[in-house]
Amino acid sequence: MAGNSFGKLFTLTTFGESHGIAIGGVVDGCPPGLEISVEDLQVDLDRRKPGTSRYTTARREADEVKILSGVFEGKTTGTSIGLLIENTDQRSKDYSKIKDIFRPGHADYTYQQKYGLRDYRGGGRSSARETAIRVAAGAIAKKYLKDHLGVEIRGFLSQLGPVKAEPKDLSIVNDNPFFCPDPDKLDELDAYMRDLKKEGDSVGAKVSVVATGIPVGLGEPVFDRLDADIAHAMMGINAVKGVEVGDGFDVVTQKGSEHRDSLTPEGFSSNRSGGVLGGISSGQDIKVSLALKPTSSISVPGETVDIDGNSAEIVTKGRHDPCVGIRAVPIAEAMLALVLMDHFLRHRGQNADVASTTPVIPAQKN
Amino acid sequence: MAGNSFGKLFTLTTFGESHGIAIGGVVDGCPPGLEISVEDLQVDLDRRKPGTSRYTTARREADEVKILSGVFEGKTTGTSIGLLIENTDQRSKDYSKIKDIFRPGHADYTYQQKYGLRDYRGGGRSSARETAIRVAAGAIAKKYLKDHLGVEIRGFLSQLGPVKAEPKDLSIVNDNPFFCPDPDKLDELDAYMRDLKKEGDSVGAKVSVVATGIPVGLGEPVFDRLDADIAHAMMGINAVKGVEVGDGFDVVTQKGSEHRDSLTPEGFSSNRSGGVLGGISSGQDIKVSLALKPTSSISVPGETVDIDGNSAEIVTKGRHDPCVGIRAVPIAEAMLALVLMDHFLRHRGQNADVASTTPVIPAQKN
Amino acid sequence: MAGNSFGKLFTLTTFGESHGIAIGGVVDGCPPGLEISVEDLQVDLDRRKPGTSRYTTARREADEVKILSGVFEGKTTGTSIGLLIENTDQRSKDYSKIKDIFRPGHADYTYQQKYGLRDYRGGGRSSARETAIRVAAGAIAKKYLKDHLGVEIRGFLSQLGPVKAEPKDLSIVNDNPFFCPDPDKLDELDAYMRDLKKEGDSVGAKVSVVATGIPVGLGEPVFDRLDADIAHAMMGINAVKGVEVGDGFDVVTQKGSEHRDSLTPEGFSSNRSGGVLGGISSGQDIKVSLALKPTSSISVPGETVDIDGNSAEIVTKGRHDPCVGIRAVPIAEAMLALVLMDHFLRHRGQNADVASTTPVIPAQKN
Amino acid sequence: MAGNSFGKLFTLTTFGESHGIAIGGVVDGCPPGLEISVEDLQVDLDRRKPGTSRYTTARREADEVKILSGVFEGKTTGTSIGLLIENTDQRSKDYSKIKDIFRPGHADYTYQQKYGLRDYRGGGRSSARETAIRVAAGAIAKKYLKDHLGVEIRGFLSQLGPVKAEPKDLSIVNDNPFFCPDPDKLDELDAYMRDLKKEGDSVGAKVSVVATGIPVGLGEPVFDRLDADIAHAMMGINAVKGVEVGDGFDVVTQKGSEHRDSLTPEGFSSNRSGGVLGGISSGQDIKVSLALKPTSSISVPGETVDIDGNSAEIVTKGRHDPCVGIRAVPIAEAMLALVLMDHFLRHRGQNADVASTTPVIPAQKN
């Protein structure tokens, strides 16, 4: 498959550019009989939506999704689900300034070289706008995972520049503009973002996602391990430069006697593995973190070249997030949902005869 | 595809267990006319081979690969290449002790739950022994990349437990048992490993891989980005818990003005991106790092359960690497080669009409 | 991939039901730089469109396709192309009669059993309406094949019930309502169809497609042979029950000395193979035929069961083609174009280094 | 995937040339817990094996398959199954005569053009020898289908040249060298084949396969219909030029009132559809036929060209089947088994929640 499809049994194929007519996608392989409505999708779309706070881009998009097919009388039919979001705020502004120039840190240069031409309006296909459809599709997967398996997926901000946030209270995540789970850090984040905006600069972030209620057995050795497919999904989100499962890079300095999670009759005694052993889910919580680079579109002047290789200066005066990492939270949740859903169907397809549905031990010791 | 295949146009499908008759694989999609011999593959296999030093498992495997098909009169024919390595040192030892017990940190528990049964001998399919075939297949990809595109891929140890190693001299990597690129750290590594062995413990590691001479344009937006596929490949290596491209998790605290790599008529002025922009190769060096957990098979006693969920103690008395990270170096190189090869063929297939073969700017400013 | 995607490098993913809001699709992997417009697609859509003559269903659909993405300033960008056709004539008629009954010869029964529920309005996803998107996507492939490779694809009616038509004059195919290439059979076809309509019955048909100007070398042994993929494509068209390449079922009684096409310095002396040898295109014309069953929706009363397995009678009073085979002509052309396009990109990806672009002999002896 | 893989969830990847060291393959996605042994595979391999009668090639191959992995203590483990058959009778004969010449009707010309070189020994990868691995893999699928679902697959010869055979008695199929199901035609076939051998010529054949006990619901609309995937599988067998499902090309002259199979409370009243409606299995017997061309390797002299395009004469003096169609019987069974197995797993993966396991009506009216 060309690169705009994701998944093997539960698949998402997307299309659409930042400033085109619409963005959309096709979800294929969704089990029939799932109760789903536009509202189920809209909740997450609104969480990702630009223009909702002063910390995100000022671009205003209604991001109203339409379900064009695959749902009949409120239930999925098992056939492909067409999704569409019209672009309403694609201002017909003057692009002549960026038409022939490569914005540093963006895909302008690589798209031009790869394809010999590019849709330069707002980044075209390389814009994070495309992720809205991932969020819509992810909402379908989330609904199935929750309704049929009891799986819940929650993302949150772990760090923004120098400010670290502990997952103290996940219930506040959707009530603050940072998806921050630490009530004590809200003021600090607010102050930091204000300063950043004054500087005209941007900053990186770390985002975490946790999935609970996971069945044992998801993941296909040896290449399509659950964690490998999660890494693929997360590194495929715009601006992501690092992915960790469980203890991630901390394992470099851990000893074996310290790292391995003991099994006890009451459950695993720790979860350093992040819920994956040998590429297969252990039933423990899936824990994933990702590092997102600062957006490259800032008002601080930058050095670049034009399409002919001549030196040029660039200043981005537009509507951009000072920290793209924030809005990545619902996107990361969506991608994790897509991976889990795909692996659930694959696992059920191959192993329904003999897979143990009752785990030998509970997931987690209390 | 089920989980034992990797790649879309240039694919590898593997089979085989740790203590079965043989391990093997099929490389499909290799361009015809590539000069290749068993010796080309054996070089990397010998680098990965167990039993080569006191720092790795004492299991002795000749790891002699056979090319069963797809090569005729010294050249690839364009048809599928069959690879086979016989298992020569699968001692018929007594497995009754581990048959009904789950080793903590291993895939024993998850395989048993997923499949309802498992080949318990030496980890069966979950054993890292399987990676020998990845290394053999990767050597074919490496050969093509070098001969036809001038790409070179070099891996090395970046950190082992607390000991960090800088890439001071890549020429020494294959001459020391740690794949260490820092001549000043060899003694420290040696001392650290001796102590570790005495303790009967193991430790994690960080491994890096760098690919040079990369063509601009590899990678398929939006899901099969080059970095996303690299993350998939690396997280799919046994024991890997984290993957970084370019500056990786350091981007969390970077500002946009600091992170973005400027373009100049003489080349990019830095390479924080790790050679990938918008999921597509920029022509700069590809830089990847991975975190490997300490092996869980150690002689320090551990707590676990048996197949019925009853409490049990485990002590591994066998032949195991105190640091699996070390031998991951040639595996990581092989996986990067497979990803690059696949994306090269995909890119050429879609874009041969118009892709720019001459980059607008050189890869890297000197 | 779930079942709504077609192709490996040049892919089409479709969605939409007969009486839903819209049907649509995503073309992925199209080479950049191809000049394409809505008009290029509309030509073939109009050929397939219902309501164009008294011989096809009276349903009136404008079938106006929109290109939502992937084309910029008149050229493909190499990114995914979103296609959309709104359903305008989905009459809100009373479906209570067919809601709980299975129409014989239709997918009603199998969809209900497979998915546990179904969109019963006009056949839902199983309706041939979905093929409009295949035609639109096929038009993109056709354009590339013609502009870049000189390949032309022409379909025509070979037989309708008892009336056989020889390919005497392909130039008349688009000028008569039967896609008939034999000017001497037009009156006979007209008379036959009038009688059929009076009877309230339907009839089967044989359709042929010929592609000229084919490069040598398309097709991937051993499973993805060009002819195997063509068979997949053609048998996947609604109502098709048989597929032939070259001499097809006539080979059963042929002798080897008769069947094999001789090679001469001036070209192949015959084309019994239909342009494929060992699964790879020989450069000769690709020749394919398909058998289409009579539509099952007829006004002749039929015997069936309802959703509870009770006996029931069915009479279809609707807008249906008395011979679905006729409108299959542009669909078969489109599917052949999709297969050829996919294989062209795959072949170029793998074999661009060494594939012979100059055939040893001309395609066809004159 | 490159072309040497088949299937999506239950996959087969093969390698090997006619006169190489060995042929082999990897079966991936097989459910765990299936009891399987080498003997189960050998039965079908022996049916396909050359040298078993005077009607097939005199090449003698033991065709002894080894299972290298994926089976433990007599049961499949759910991991990939490695299969290997060594080539024992690859005589080191003189190939200089055919090295630079293209045999008409063979893949010599197309392979040379596609890949720029070829393994000319016995056809290399294009040889039907490769199908032995399909038969071995198909035996695994057959075993699962029979043991777990009660599906049985039986192939037989329907026609050989002018001699038609009715499926009067399937129990005799494996007891005569023609796989003929009609006891009254055995003498006629014998006489015909003797004459053919004297002439040094070959002839085409028609082979049929019937699968009984099929669950309702297999097949994925719209592209991966069960019949479309069957067509792909069958047309991918060497020498096949046509595929029919159900009534096949006879539907061209059928009327709708005649073709559609009525549903009654006691079952379908006929099976013209061949067990597939709308691309999904109806529970009725799957009926497939294929047309196989006469082998092109005959002792009747033929006209061809050499590698430089110069005129040449060719006479094949070797060990070849006068009717390749005969030995295609077990191959066709194997391919049907692979398709059914793949679709069973896909169907179970997506639809296990709601698919009806109890059909509304019995499969077939008696």
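Labels A, B, C and D are assigned to the chains in the order they are written; within every chain, residues are numbered from 1.
Heads up, the rule we're going with is that a contact is a pair of C-beta atoms (placed from the backbone, for glycine too) under 8 Å apart; a residue touches a chain by one contact, two chains touch by 3 or more.
Which protein is which chain? UniProt says A, B, C, D = Chorismate synthase.
Because the structure is predicted, anything quoted here is derived from the model rather than measured.
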Note: of the two pairs A-D and C-D, more contacts are counted for C-D
Relative to chain B, which chain's C-alpha centre is the most remote? C
If you average the Cα atoms of chain A and of chain D to get two centres, how far apart are those centres in Å? 45
Averaging only over C-alpha atoms, locate the centres of chain C and chain D and give their separation in whole Å. 26
Where does chain D touch two or more other chains at once, residue-wise? 1-5, 8-9, 14, 29, 32-33, 78-79, 114-117, 125, 221, 346-347, 350-351, 353-354
Within their complex, chain C touches chain D through residues 1-6, 8, 14, 102, 104-107, 109-117, 125-126, 130, 159, 161-162, 196, 201-206, 216-217, 219-225, 227-236, 238, 240-265, 269, 273-274, 277-283, 291-298, 300, 302-305, 307-311, 346-347, 350-351, 353-356, 359-361
In the complex of these two chains, what residues of chain B are touching chain C? 8-9, 29-33, 78-79, 148, 221, 345-354
Complex contact set, residues of chain B against chain D: 1-5, 8-11, 13-17, 20-26, 28-29, 32-33, 66, 68-70, 72, 75, 77-82, 84, 114-119, 124-125
